[in-house]
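Look at the two complexes coming up: chain A is in both, with chain B in one and chain C in the other.
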Partner chain A sequence: MESEATWFDRLVDALPNTRLFQFIAEWILVPYWAARTPVKPQPGGPRMAPQPSENLQHMMNLIMPLKDKSPIGRAKAALAIAQNVDEIYAGLNNVGTVHFARFVLVDGNLCMFSVYDGDFSNYIRDFIATIGSVFNAIVALIEDGDAVIPCEHHVEAFIDWVHARDLYQVPDLATDLLAQHNAAASGDDLRLLPRDLILQLHANPNVSLGSGYRGYPAFSVAQIRQKLGVGW
Partner chain B sequence: MPDNPIAVQLVDAVLSDFPDHQPGTRPVHTIGIGVQGYFEASEVARNYTIAAHFQGQRVPVTVRFSNGTGSPVEHDGWSDVRGMATRFHLGDDVATDLIAMTLAEFFAPSVDAFLQFSRAARPARQQRESPWQKILDMLCLKQPLPDPMPGQMASGAAGMLAFANQHRFAQMAVFQAGSIGAPVSYVRAAYHAVHTFILTGPDHVRRPVRFSWEPIAGVRTTDPTAPPVDCYLHQELKDRLQRQPATFRLVMSIGEIGDAYADPTRQWPGKRCRVFMGTLTLTTVPEDQEIFCEKISFNPCRLTPGIDISDDPILQARRDAYEVSRLRRGGQSCPFAAG
Partner chain C sequence: MSVAFIPHELQGNILRGYRRSMVRYLLLEVADRQAARIWLGAIAAREGADGLSITTESAWSSKPDFCFNVGLTFEGLRALGVAPDSLQTFPTEFVEGMTARAAKLGDFGPSDPQTWPAPFDEPARLHIIASIYADDEPHLDQVQAHIAAAGGGRALRIRGTREGRNFNGDVVHFGYRDNISQPRFAVIHDRPEISEPMAPLGTVLLGHETSFEGLFWRVPQPDPLGLNGCFNAFRILAQDVAAFETYLDQAAEELLVHRLTEHVLKPGDEAKFGQGISRLAALREIVAAHMCGRWRNGVPLALSPDTPNPQSPVSLTDFDYTAQSGCPVGAHVRRSNPRGGKIVQRIENHTRRLVRRGIPYGGPYDPTRPDDEERGLLGNFLGANLGTQFEAISCDWLNLGLQDPQITGSNDPLLGANEPATSWFDMSLLNGASIRLRGFPRFVRTRGGAYTFLPSIPALRYLATLTG
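== the complex of A and B ==
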């Protein structure tokens, strides 16, 4: 006969949802396993791949902690964007590879979320060329930003700075996380996948969950605008 | 062809994973229900293939939904892969099939690997993990083993897990199969054909593609914390179709150089060009399931001009394996048998 669940089984099954276990997990288990089996924070941005459509519609999720996180500091950030709307929109049109872009304030962070075609470094390089002055005004408000402005004089350092603040994109296929954490092709344990994710989130608090949905994958801004007859 | 030793080996391997399998029935996806309806291609489908069912006219179809197991006992509420085999009736006794399942990838990339996997997946006695072991797992931030379903005495889950830990190609399928759940309805699940097919367009361009069915009603599974119900999917489908038809959208992804054309264990990323190929409308559940469903012998390689198989070795092996299976259970004859 199959073993029936006892009261103890049911108690243990409910354990992960108890405040006591959640407290122990947060303050003891996660720090313990993070020290015992350290996980390297994965780099931000999309992965490189040879397929043409992999080079289109990349997601950038740039999280920039403000120096001044008060309402006044956040208002300054909002003002820096508002005062430069024309420069930003003209710059985005000039770059020509951007599907969508927007600035968002979340807590004490100024975020820039965008979808762009092509190589990341070239994307940022194009921005420096077209709206470098706006970036200088924005980055001056960001923690650790002073070292890379004016961005026109620190092009490579600025690209690295942006890349470091672009969110890590958790693999679309969950089990690819195991391969990212364990370069050896053996020694995996699927049941430890939750721990791998937890430790990556411990090292990398903000992440993008996958590379995102696309309504019209594999098409560039140029192809879409040309097909719609709105010029490019 | 029916005496192809590899095909025989494959069918025997699958059967060995289900000790209570009944001769005369399908080796896997044993319990199912047939439905009739029609398929209408989208206006863009014909740009990608010359295949007859993608030219826009209404094509009658027979669909068989099924539970994944080869056991004759119906456990609809258990977490399990579901199948959706579709036959497009093209007229003059000509037909083409599309066979899909709720897993988005297969367990093995080659016949040898599948035979190894199948050996690993043979059912072993399954018991509830002890509470102390579960606590130990939790302290290690490790997923405890799933509890057996009510009445479940044996399972291949532990063997599949051990196999996946040694073979990365199997990890995604095993991971997904372990958490796939049970659909509230056969028409509330997405089904994937997993293999690559080669489509030929009117411009003679050949494109590697993969197909998926997406339910227009949306995907929904049962509450995994509620006790599973054994028999509900067939009646739910009959009741639903009496009220109104159910519809699926056929979605096709176009592969690119560098994609795993011949490896069904790897999904293609969502960045590939996605084409809406048509709509399937299911209308009736035929009374005589034996004639209209159980005797039908589907085959993933029953194709029509405009669609060809790829170099995927699993797809190629399925052709003869399905034929061996058909002969053993006395299914309707297949056009391959003559050739």
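== the complex of A and C ==
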């Protein structure tokens, strides 16, 4: 039953929209919370699901901060991709489980966005085994990249490195999102957006909102290729 | 960068099986760190601690009364006082432990680690898994008593035991002959009958060349600790024999009246299955063979698609898979090792090999006297890299069928997390067509397990020198 809102309720509800409150929240409240309750950044990428077909067409959103974020550094990254793109694409084809992959520069980050089937570690390991030597030239341009190249000799560390830079995927549904972040499960009231999610976004500023839309879910690359008759 | 192969520095249960009729696993917690370290150092010595020493890869002059080996969990290494910067050099899957990897392994629902009985319900207290192999119980008891008394009884706490025994040679529950295929290593000559491509030693031992050209696994540091070590996925896999046999009945009944029944079994060919065997009984065997990829007597479907008793004997291991193979793509052995057959992940042929050491637990199931006794397989899946071998096979091949578009989205018929409402499996018929079987449940549940590291002998000595 809806009760009559008092002037005080209305004030409290409106508070988050005031400039003053937003300023205090951003500069004092959230940093204070975050310092009091350190939140571990959630691991990146999708989680394996019990239903086999849900483990197809996973998305990777790999964000790699460039060492040199100036236009010159960004140009170098663009060049490194252009110089190696044929080999990288041929390699991805050989990995066999990759639907799409592309490279994008966003601010000072080189990003690789891809859609792949199955387990993340297997994807990255196969990637290393197929085109690791080519990818080393690109990782050399990335902050903290030197520690994991040549990736053929740092397989485990490289997989962990990529995993750490793959964006955390916030659950697809608001209900799951609220549940994962311990909200009192009560509909889609954004005012209840839980503290835990805010702290997570503080620790993990870039995230993927959900796992993405698929026009033809539950098909692997090889199944699509087989159906199209283009060989797999 | 390959290191030398020195047999007496390796634990003996890695490269070959002891072929003993009984195994007892002691699930141990380090109770007194210093006493436990001294004990590890003592069993690493050739003369051993009061006569108990690790069985190594050295050749035997005479067969010992028992064999004995140890594996350490990540929590075990920590409990023994391995330094944090050394612990950090172990691979993530081992650090996290088997329970944290449940989703990848299909350990949910009735296999969920939350349902595992003690001591697997407290993985942080499971530190060492000691294995004793013998042909009689007194020897198992003798070693167990020794361990209970280690360090004046202070070193280790026995938190549980699991015991397996062979009841019919290499036959396991579900009635299949197991222990046939294993990777073959150039340095080991004990099973000349295995005819498969050679696997590099780095398939199982850290510090040696791996099966991926130019790829090396990280050797946990320092070298004396990591070199020549091996990782193991220890699994307690309960098998529902009654459900399995019931399903064979159900599927055979369906095949009996199926419009393609003559392509499943040519009328008149029933005799190939044995004197006086009924068509229904023969069809049951065909279903069982297709689910596994081998007839229950071990004969591979790839070489003998129509009978378990080929007129001229066939090799049990020398075969490969082609598009025309009589072995279904989704059969257990083909899923877990597609050999040289065409697969989606083009570089994965022969790179995910596992050394398997398993023994049944629980008595054989007697259909005339159904019981509720738990029975299954105490399985060890060994490899130099758990992620590349055990986990990769489990999640992408067994549980997802990613290796071939014809099976993608389906689970392993023998051990997958199947639900009758959604499960499916395609049998391949003699005429090249297929029949889809449906409605089978999950036959295998995980009831415990742990990732362990099987250290070399120098590694045990290294652990003994730790202080603090």
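Going forward, the second predicted complex is superposed on the first by the 197 of 232 C-alpha atoms of A that agree within 3 Å, B and C clash if a C-alpha of one lies under 4 Å from a C-alpha of the other, contacts with A are read in each partner's own complex, and residues count from 1 in each chain.
Just so we're on the same page, a contact is a pair of C-beta atoms (placed from the backbone, for glycine too) under 8 Å apart; a residue touches a chain by one contact, two chains touch by 3 or more.
Predicted model, so just to flag it, every value in this text is computed and none were measured.
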- [ ] Give one of first, second, both or neither to describe whether A:E143 is in contact with chain B, with chain C, with both, or with none.
- [x] neither
Open item on the list: For A:A25, using the defined touch cut-off, is the partner it touches chain B, chain C, both, or neither? Pick first, second, both or neither.
Closed with: first
Task: chain B versus chain C as contact partner of A:D68, first or second or both or neither - done: neither
- [ ] Return first, second, both or neither, reflecting whether A:L173 touches chain B, chain C, both chains, or no partner chain.
- [x] first
Open item on the list: Looking at A:S220 after the superposition, I want to know if it touches chain B, chain C, both of them or none. Which is it: first, second, both, neither?
Closed with: second
Open item on the list: Looking at A:E87, would you say it contacts chain B, chain C, both, or neither? Reply first, second, both or neither.
Closed with: neither
TODO: Once the structures are superposed on A, label A:A129 by its partner contacts, choosing first (chain B), second (chain C), both or neither.
DONE: second
Open item on the list: Looking at A:L56, would you say it contacts chain B, chain C, both, or neither? Reply first, second, both or neither.
Closed with: both
Task: Doubly contacted chain A residues - partners chain C and chain B - done: 49-50, 52-53, 56, 218-219
Task: chain B residues within the chain A interface of the complex - done: 127-128, 131, 134-135, 137-143, 145, 147-148, 150-153, 161, 164-166, 168, 171-172, 174-175, 254, 256-259, 267, 269-274
Open item on the list: Which stretch or stretches of chain C touch chain A in the complex?
Closed with: 91-92, 103-104, 106, 108-109, 212, 214-218, 343-348, 351, 385, 387-388, 391-392, 395-396, 399-402, 404-405, 408-411, 417
Open item on the list: Can you tell me which positions in chain A touch chain C when the two form their complex?
Closed with: 47-50, 52-53, 55-56, 94-97, 117-119, 121-122, 125-126, 128-130, 132, 152-157, 159-160, 218-223, 225-226, 232
Open item on the list: So in the complex, the part of chain A that touches chain B is made up of which residues?
Closed with: 2-3, 5-6, 8-9, 11-13, 15-16, 21, 25, 29-30, 33, 49-54, 56-57, 172-175, 178-179, 185-186, 188-195, 198, 211, 213-214, 217-219
